[in-house]
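Both complexes below contain chain A, partnered by chain B and then by chain C.
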Partner chain A sequence: MALIDVIITLTEVLFLLALSPLLSGIIRKIKAWIQCRKGPGILQPYRDIWKLLHKGTVMSKEASWLFLLIPYICLGAMLCLAVMMPVFYTGSSNGIGDMVAAIYMLAIFRFMMVLGGLEGGSSFGGMGSSREMMISAIVEPTLLLSIFSVAAISGTTDLSDISRYFASSGASVLSPSLFLAAAAIFISLMAENSRVPFDNPATHLELTMVHEGMLLEYSGRELALMETASYMRLTIFMVILSNIFFPWGIAMDLEAGALVIAIVAIVLKLLLISVAVAVTESLMAKLRLFRLPNLLTISFTLSLLAVMSYYIL
Partner chain B sequence: MFPEVLPTLLLTLPLLGAFLALVPKGENARVISYLCASISAVSGAIWSLYVLLQGTESYVLPLPSVWGEYAICLDSFGALILLITSLIFASVSMYSLFSREGITARGASLFNLFMLSVVMAMVADHVLLLLVAWETMSLTSFLGVWGNREDKDTSAAWKYLVVTHFGAMLVIASFIFISLESGEVRLSAISGVSSSAGTLVSATLIMMLVMGFGSKLGLLPFHIWMPELYGRAPSAFTALLSSAASNVAVLVLVRAIFGYIGVSDQVTTAMIVMALAAVTALWGALQALVQNDSNRVLAYSSMENMGLILLTLGAAMLFQSYGSSEAAAFAIMAAMFHLISHTVFKSLLLMASGTVRRATGEGNIEKLGGLARTLPALSAVFLVGILAVAALPPFAGFASEWAMFKSLMHAEIITDPAIQMALPLAIATMALATAIASVAYLRLYGFIFMGRPRSQGAACPRPVEINELFPFLPMALLCLLLGVMSLPLLTQLASSVSPLVGLTSVDVVEGWSINMSHMGGLNALGLSIVLAIGILLTFLAVRSLGKRSLARGDTWDCGTQLDARTQYTPTGFSQPLLRVFNKIYDPQTTVSEEPRPSTYIRSVRFQQNLPEIFIDNFYRPLVSGVIFVSTKAKKMQNGSIQTYLAYLMITLIVLLVVLR
Partner chain C sequence: MRPYDIELLDSLPFPPSKYEERQGRLHLMVQEDQVRPLLSFLIKKEDGELSNLYHLPSGNCIMALVVVPRRGVIVIEGALEGTTYPSLTIELPSAHWYEREMMEMSGIVPLDHPNMRPLHLHDWPKNEHPLSPSFPSDREVPLVGGTYHYRKVEGEGIMEVPVGPVHAGVIEPGHFRFSTAGEPIINLEVRLGFVHRGVEKSMEGCPLPRALRLTERISGDNGVAHSMAFCQAVEMGTDVPERAKMLRCIYSEMERIYNHLGDIGGMATDVAFAVPAAAAATLRERMLRLNHDLTGHRLLWGTMVPGGVAKDIDAERSDHLQNALVDLGLSFDPIEDTLFNSPSFLDRVETTGTLSLSQAKDLRATGPVARASGWDRDARRDFPYAAYARMGFQVQVQREGDVLSRLRVKIGEMRESMSIVKQCLDLMQDGELRVEVPVPDGMGVGLVESPRGELVHCVHFENGKMIRYKVRDPSFCNWPTMEKAVLGNIVPDFPLINKSYNLSYAGNDL
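Take a look at the complex of A and B:
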């Protein structure tokens, strides 16, 4: 791996790390506008993280040695995932950017966060964990299948190579299976990132929460890490949607001009998806918990159809 | 001279150990017996390494030859499996010694005999030797799980015996047929029987073998013995059954299907195997999710993993039928890799679960909790096993599941569009089964080791001594190493597997399979390093902010008093998924109101029974059918001598007419 590749990859990771709280801030702002509220500034997530990083931690008496490790593992997994993603350059990933590995990297985050929810021995944590597992048991196969349909089209499972394939072949490869898979990924994005039809990221009413329930026992810098990791997960899902499915604009050669275009393109795409997420969240009501499997099964079926239609059509 | 010592030690020391455990009295004899097993296992491991480096070894045993020479043969394919099995045997015998579990003369003796039969089945080069070893393995494991128990309920062991002998019947019949058809008794000389036997006969043979060996692997509907036996038997034997016995079954199955019989034009058979395996995997995962006994969770998890392995092997048969030996070799390689990973993490988990049982006196996870604070070292090794079995990077299960997913992504080889669909469906099943199973594993760790203890035994467990943890360390290390160093292992596996499908090892290693340039590869080592750097950088960045205060406080309780009963329970944890798959589980729930303890508190009893569909709908009718037929047949036996003479007469006449 050449030095320039390392530098670009590091830039990409820092770019995602720096940008992800902003995207969450933007989504909150848009939702506030739609609700005719003023809402906090879009920089509020940064302020929250900064404040939390400088606070002391209160840890439950019931928590074990794993409790304090979990936030580091979660954020570490997200940083690793950011390395795997093609963000603005489809360079060689040297076998690191495999799509199956990427989905299992997301699984590390989820697995650890759910274990963290069980640490305190409280019913909120257990409830959040239990619900999260119900959602993830269907989302994970959906993700695998929908990325597999893209892999089948492009003939590779390397994320960078998939991205390069779609970017270079233009509109000719647009097929129904691509759109079905993208729809499935969008539903998975909402589910995995605790967005409205599945969970309400703004709620603190215990009986309705999933994600916040698991984080209830975290405080101080551990909470800051968990929040950052969650922001990054949302951004990485957006990157998957924009750069694996519709990677137009991404740089395929190391030229200054192409890179600038790529950065502008990815920022625009991320903003566009943020708006889509915010609008979807505002237009929908949170579903009852046991209505969720219907929606999840729809996304699973969509992804299965995506794969099937690739072979049939 | 040197290498001959190794198989000699491997095969004679267990005999000596079995003898020593029984004959002299006293504990020392049993310790020596386990040491015999360990030394034999170590020589087995060294011999396998020697074979991997030097190539196939073959010896003739000094036994009176009745039906050809009794030979043993170890090729590099068998050597890989023997290597990992030997390591497990060494670990389990250390575990048995240090944990003082099963330190009975009988247990030690059976352990040695079981080990001998497993090793013999792996290296046997004579049909009779293989079948005798297979049968000895079943019998010793039956006695091992039957004799060592305190309670007198032996139904689980009997179920095991019956199912395993149904399997043995199929295995023996098909091996005798294979041997007769090829006219050979030396297994290494048999290959490609299907060319002379025809497609239909070989399809039947393959199905018989899959069912026969599947009875040991928990293939549906032969899985009924697994949960009950695992829930009751001593953990050393369950660890061996799930690892060593499964290894033998899969190894011989693969050799038989792809080597002795040979796969050509077996599309339908492959589809049946895949369908059966897919249902097995899903069923195992769904059942693992709702079990409350830690060993039963692990039993169903074995079923799930074996289902995945058979699914991949079915895909290999499909690829082979469509003429792509490379894809078939890749799929077999992935399945064998998962078998090796499974051996390591499952025996680690079963032994650790046995340690939890002995420390707390509880196997029911509804009664456990909070052990990570009292037994941190045990919880750490358990967590490694859980992360490996849940297929999280960079552990063993991840690398092998990755390979299996990869092997199923070669649908373009299949030219028939209708059959092409099988592969995406297989991927969907595999993804769903692993996702559900990982919930079950998380639940297992979370409710044993986290939260508040739910019983007295869990609140003050007996401390686990350092030497009891010693056998776990090599296996925890292997869980990590197999994942991180997966590429060299896959390379070795590819060259060991390729002769089975008629490839030279060079084809697979140099071709697309290992470099995976065909579909993109996985750099597991690089990925692990990046992940470690990510975690380390996070740690350093946060540390650079300076020291912070860390206070211990109560869990957020909304102003109420929290205790062991206010936590989520494992049963409650799996309820949402149980409701999603309501149709499959078909739970019978009764909620009844109990007398009020006080005016303000209602007391409610919740009871949920999950029916055992296969026992109720398959085995019970089968058993009552057998009993019905035999009751009818009993009428023939009326005890009067005239009737029997009449029977003799009729038989004689019929024979005369038929055979004249």
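Take a look at the complex of A and C:
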């Protein structure tokens, strides 16, 4: 691996880290517009993180040292995941970005967050954790299957190689199986990132919380890290959707022109997905908790169909 | 005596020692052990409802108010010999909270009451009773600790989840103790009293103007209903001018409109359906500004005064109000469409938090909660006050008793309220706004259909001084019914059920 690859990979990680709060701010802004509200500025997530970083930590008496360690592990897992992602350049993370590893980075994040919810010893954290595990039990196989389907098309499980394969083959690889898998990933994106209909990121009702319930006991710097990690997870899901499934515009050679096009392309794609997320969230009410498996099963079925249609068609 | 009264007195299981009619109410004086059979008779045979139950220190008797649809208010005065009497709760579950309240506030012990725990006073010494005459109102009581024993549910996998009294959102304080098996709720116990301010004690000996202001503040968003009930109680049957009656209807219906708008938006908020929620919040705000334009107060406080109303609506403002309400109705249509055309929303509200008709009747639910369960009761129609006798409106009744039914009832009532305001504005003629009210004496009752249901104020004067003031907010009746409605639902649906009830904590705690 050449030095230039390392530099590009680090730039990609910083790019995702810096951009992810903005995307959350944009989603909130679009939702506010749809509701005919002005809403907070799109830079609000940065201000929130900055504010939280300067606050002290309050810890539950029940919590152990693990409680304080978890935010670092979570953010660390997301940074590792960012390293694996092809963001501008398909060659940068060659050989380290295996898709199964990527899915298990997400699993580490989720597992740690669930532990963090339990650590506080409060009933809301426990409820949030148990609900999160219920959701993830179906989301995880869906994720695996849908990425398997693209892996089957491209013949590799390396994320960068998949990306390069699709980018170089052009429109000829567009198949029903790709779209089915993309739809499944979009539903998983909503579920994993606790968006409406699965969870309500803006709720104050402690009894309905999933994601927020697990974060309820966190404060100060630890909360800032957890929030940042959550923003990053959303962004990384968007990157998977845009650069694994539809990687057009990504740079395949190290040229200044191609890189500029790649940056513009990824920003546009991320914005587009943000709009899609915000609109979807505004269109419906949150589902009843025990109806969630129905919707998740739909996404699982989609991903299953994606794999099957590849072999049949 | 009315024919109904004579018939009733003949059919009673035993004759009362004394009876009389006062301001259209039938008063039956009985001994303490006769209260229970008499009440049972009125509730089970005559289709009556227990509307209030409290202790009156002067004369040492318990007062039970029963409203009977064809008759109106019947008051049972049960003379006590000491400080105990046979509990009513065993036969009449609707007396449950009243008796616990009486026990801690007045020190009257209902013998054999199944639940002797305090209701609203937390950590109070057992022998201090704030409403007994010997308790000076400025007395500071040293709090004693103590454990409040919640109902225990035992079994494998049963978890107890305490929620509140401090909540994540800016809402009133109340403690909810859930016993859950996974997500389904096996038992819920509501513990309130965190905003007990001693309203009834402060009213004792209070001059009328100050008392009027105080009643508006019992439960702020029902200020018109509370102050109107106060006015009715101290007017003691004095006839208020026609124009004032119309204006009273208008103000109380405007209060209902903004309350119900808030509830409808609240239900959408609680299922994270943000677009209609934001739209309903906008309409509510428009309504509050309209209130401000008309009366100078966003919550319409200061409109009621004994003998009439304090604020008039002139011709120009009347037009403004009519147009604004038509506009509001039109703006509300798309919200209703969005809600009822959204499968995801309907799925959340259907069959959620069902209160059956028999539960509603046993525990004596009131207002939209009772009507959503199929109980066709509305004080505006059944015991008309102000100008309601001349208004045409449909009482909104649904059958299912779930969140959706309560939503439909509230939407329907809001539309009826708009129509009532319009009828009032059309019928209203120039005239006096208020008359002098004679110095009150004896007992007065105010009975009003507030946005949350039937609201009762009872006042007793002696030598021109208010000696006892009893407030019974509709929330006091409806809180126990919520404990039943949530059973079998899952924990994340509780906030939605709670919002569909939208009960007042302050009105309940007093």
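Criterion: the second predicted complex is superposed on the first by the 311 of 313 C-alpha atoms of A that agree within 3 Å, B and C clash if a C-alpha of one lies under 4 Å from a C-alpha of the other, contacts with A are read in each partner's own complex, and residues count from 1 in each chain.
Going forward, a contact is a pair of C-beta atoms (placed from the backbone, for glycine too) under 8 Å apart; a residue touches a chain by one contact, two chains touch by 3 or more.
The structure displayed is predicted, hence computed values, not measured ones.
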First (chain B), second (chain C), both or neither touched by A:127: both
Partner chain(s) touched by A:301 [first = chain B, second = chain C, both, neither]: neither
Chain B versus chain C as contact partner of A:36, first or second or both or neither: second
First, second, both or neither for A:290, with chain B first and chain C second: both
Dominant contact partner of chain A by residue count, chain C or chain B: B
Chain B versus chain C as contact partner of A:11, first or second or both or neither: neither
Partner chain(s) touched by A:44 [first = chain B, second = chain C, both, neither]: neither
Partner chain(s) touched by A:282 [first = chain B, second = chain C, both, neither]: second
Which superposed partner A:197 touches (first chain B, second chain C, both, neither): second
Intersection of chain A interface sets (partners chain B, chain C): 123, 127, 130, 206, 289-290
Complex contact set, residues of chain A against chain C: 31, 34-37, 123, 127, 130, 196-197, 200, 202-208, 281-282, 284-291
Residues of chain C defined as touching chain A within the complex: 159, 161-163, 167-169, 182-183, 268, 270-275, 277-279, 282, 342, 344-345, 347-348, 352, 490-495
Interfacial residue positions of chain A with respect to chain B in the complex: 53-62, 64-66, 72-73, 75-80, 83-84, 94-96, 98-101, 104-105, 107-108, 111, 114-115, 118-127, 129-131, 133-134, 136-138, 140-141, 144-145, 148, 151-152, 155-158, 161, 206, 216-217, 220-221, 225, 289-290, 293, 300, 304, 307-308, 311-312
Chain B residues within the chain A interface of the complex: 369-370, 372-373, 376, 379-380, 383, 387, 390-393, 398, 402, 405-406, 409, 411, 417, 420-421, 424-425, 427-428, 431-432, 434-436, 438-439, 442-443, 445-447, 449-452, 519-523, 526-527, 530-532, 534-539, 542, 545, 548-558, 562, 564, 566-568, 572-577, 579-580
